[in-house]
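Chain nomenclature is as follows: A, B and C, assigned in order of appearance, with residue numbering initiated at 1 for each chain independently.
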């Protein structure tokens, strides 16, 4: 029984962490697949969203749903503006230029947040309703983490349904597959790029906000967690909704399990596994060969 | 006489889609052979199979009597099978001269030499310049390829292939995108290829095909529809039906 | 076209590989600093070492066109190799340490290159980053050998040539670093002019074309990757020796990022980008982060974004565009324009 509880605990805690990773990374995966831009600075959107939500919660005393909605919309708008003004210029730029550009954005973002909020991680104040735990007999699980799992799965389901079963989704899929063809078929790819980028940024903001207790918000957030986000995208495969979902679960649960069994070696095993997976399957586990 | 290049029952499918269907094909020394067929007939796939850019699903390819089915693209090149591409594949930031010079160096097997080879490099550059001069490109020798108009780049693409002194040369639509001003030069260039070299050309320009080819293979839906000299092809009712009939060719 | 015109075209073509008078400038500057600014010799030695590291990255990114985020892996591997050799094995002769660092960097390079170079694009970026983080974690865990998070201290180097001690005035480490840099520069200058060096540039421009003229692209890429890794290992070993200290920062993403930034600043695939970008970076960092390191990061970020959007090719790129018209040898260019008219 104790073993069962441990396993269940690892699974659920891993899943909660995985959903945060998913929310943040899915936008990165889709924009990379769609725009072909290696946007290493994607974490900035998650961080900005997290900071915005926490400020609205603690300084303004807003309710969590309202703060999340404003943060989502605010960062999505920011994403749209940045796509139009900056990222649009990177289409067809060399890989090196994309890497340099996004590293530059990371530096700017890091400095800006450090200037405004100071160098330390900010305190996360959860609403009272989320501070408790849900219990099933002897097993209990934090309400907040349960919310993470529910939101992650809900976002995944919504994205998956809209990509697979709506017209806009079909356009996105067509554009990932063959942009020139999609354009000739009358898809407004320019608008689509901006829209998808905005959505991806908004979701990252959601992930950064909801995940703030698991992944603390501090100015170096975007560069420190860059590897995790990129790994989810690469292992999952570019340009899909499903790929990063399962990759995030794999990574989240494995990481949580490793931390329990061999805490010192967790990071080592994770990187070794990623190295092995990508060496064997360079397009990721669920990726389409391009 | 042994065939320079031959395929036996060559097949390629992508999933359920069969794009090359049991093709038997032979190229003899000195051949001037054209591969034609309507769009989607699988011409480019077939060439990619010959060169090793694609792996066949089944069947064999032999080069100079040797089975090369499992050899990579670049090792087939080293054995004398050279191709040009439908869309230029050139070193755009380098000079025209260096594009050709590098080909000469690779042909001479010194491309991997990490030691200074000033004399060798100079000789290679001289050979490259002579070749460029022969086709009226010497005056742009020092220009970056990127600065040339597309038709000119197309000529460079063929000159680079010639610098390899191939035994078998595959020309994938050499005249595509070449403006009339340069197309005569292209014809000249193709016409001047050494007599013992086997040449296979894939081309849509029927003028060029009929002027150049002594032998024509018609591909339709991945399979060989028929083969023969230009006269036989023009008279073949099958060809008229699937190919010439559908195109408004005079 | 007559033969003298041809000869002048060939000369103009070969000219790139010959030494130019201005190439003496970096060495002249280095000598001047040694004699005129003795107070900067310690800092100067670090600049020189960083130039070697940046050069090795330019070889990979600028010349071979292989963009990685993990180049610090080889630098760190070389540094730890030299450090462990000195502290644990007690072998503290400087040149032996350099040789071991170079070999370890090269071996890690060839082994990881075999796997990393099978991929392209994002997968390559992430694999290289994963390799770096993997090594960093390994160094962190193997604290018996590496000192873990505290770093590896207690390196005391034997005198150079058995004679010159690594003193506090920085004279010996400055000249030592300068000598190593000179050898590296000479090697690269030669390598890039060889058929192999040019074919690597060809692969950067168009790998399909190079395969189409019979080059084994994968093998050449592995070769250049290994050379770049070995040189990074050399730089790491040298850095460890002059600092007499190795830390986990030498295996960090931040370091890879910093070197990328320097390269972008000076100019990619220009060899002298490293010579120009590194001192500019160090001076700017010193000047801008005096008040608050936050500003430094901000300006650095802004600069990077601006370089990508407006000034591709960095400082040297801007200079080259200015002087671009002067490239052809006068004789050849006038003869050519005659031939054209």
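One rule holds for everything that comes next: contacts are C-beta pairs under 8 Å (C-beta built on N, C-alpha and C of every residue); 3 or more make two chains touch, one makes a residue touch a chain.
Just so you know, these numbers come straight off a predicted model, no measurement behind them.
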| item | value |
| --- | --- |
| Graph class of chain-chain contacts, one of line, ring, star, complete, other | line |
| Chain of greatest Cα-centre distance to subunit A | B |
| Subunit B and subunit C: spacing of chain centres that average the CA atoms, whole Å | 40 |
| Cα-centroid distance, subunit A relative to subunit B, in whole angstrom | 48 |
| Separation of mean Cα positions, subunit C and subunit A [Å, integer] | 34 |
| Contacts with two or more other chains, residues of subunit B listed in rising order | none |
| Residues of subunit C that touch subunit A when the two form their complex | 61, 67, 69, 115-116, 118-123, 125-127, 129-131, 133-134, 137-138, 141, 253-254, 257, 260-261, 264, 268, 294-295, 297-298, 300-305, 307-309, 312 |
| List of subunit C residues in touch with subunit B within their complex | 1, 6, 9-10, 12-14, 17, 190-191, 193-199, 201-202, 205-206, 208-217, 219-220, 223, 328, 332, 336, 339-340 |
| Sites on subunit A touched by subunit C in the complex | 32, 38, 86, 89-90, 93, 95-97, 99-101, 103-112, 114-115, 223, 226-227, 230-231, 233-234, 238, 264-265, 267-268, 271-272, 274-275, 278-279, 282-284 |
| For the subunit B and subunit C complex, residues of the former touching the latter | 73-75, 77-78, 82-83, 85, 89-95, 97-99, 101-103, 105-107, 110-118, 120-122, 125-126, 129, 133, 138-139, 141-142, 160, 164 |
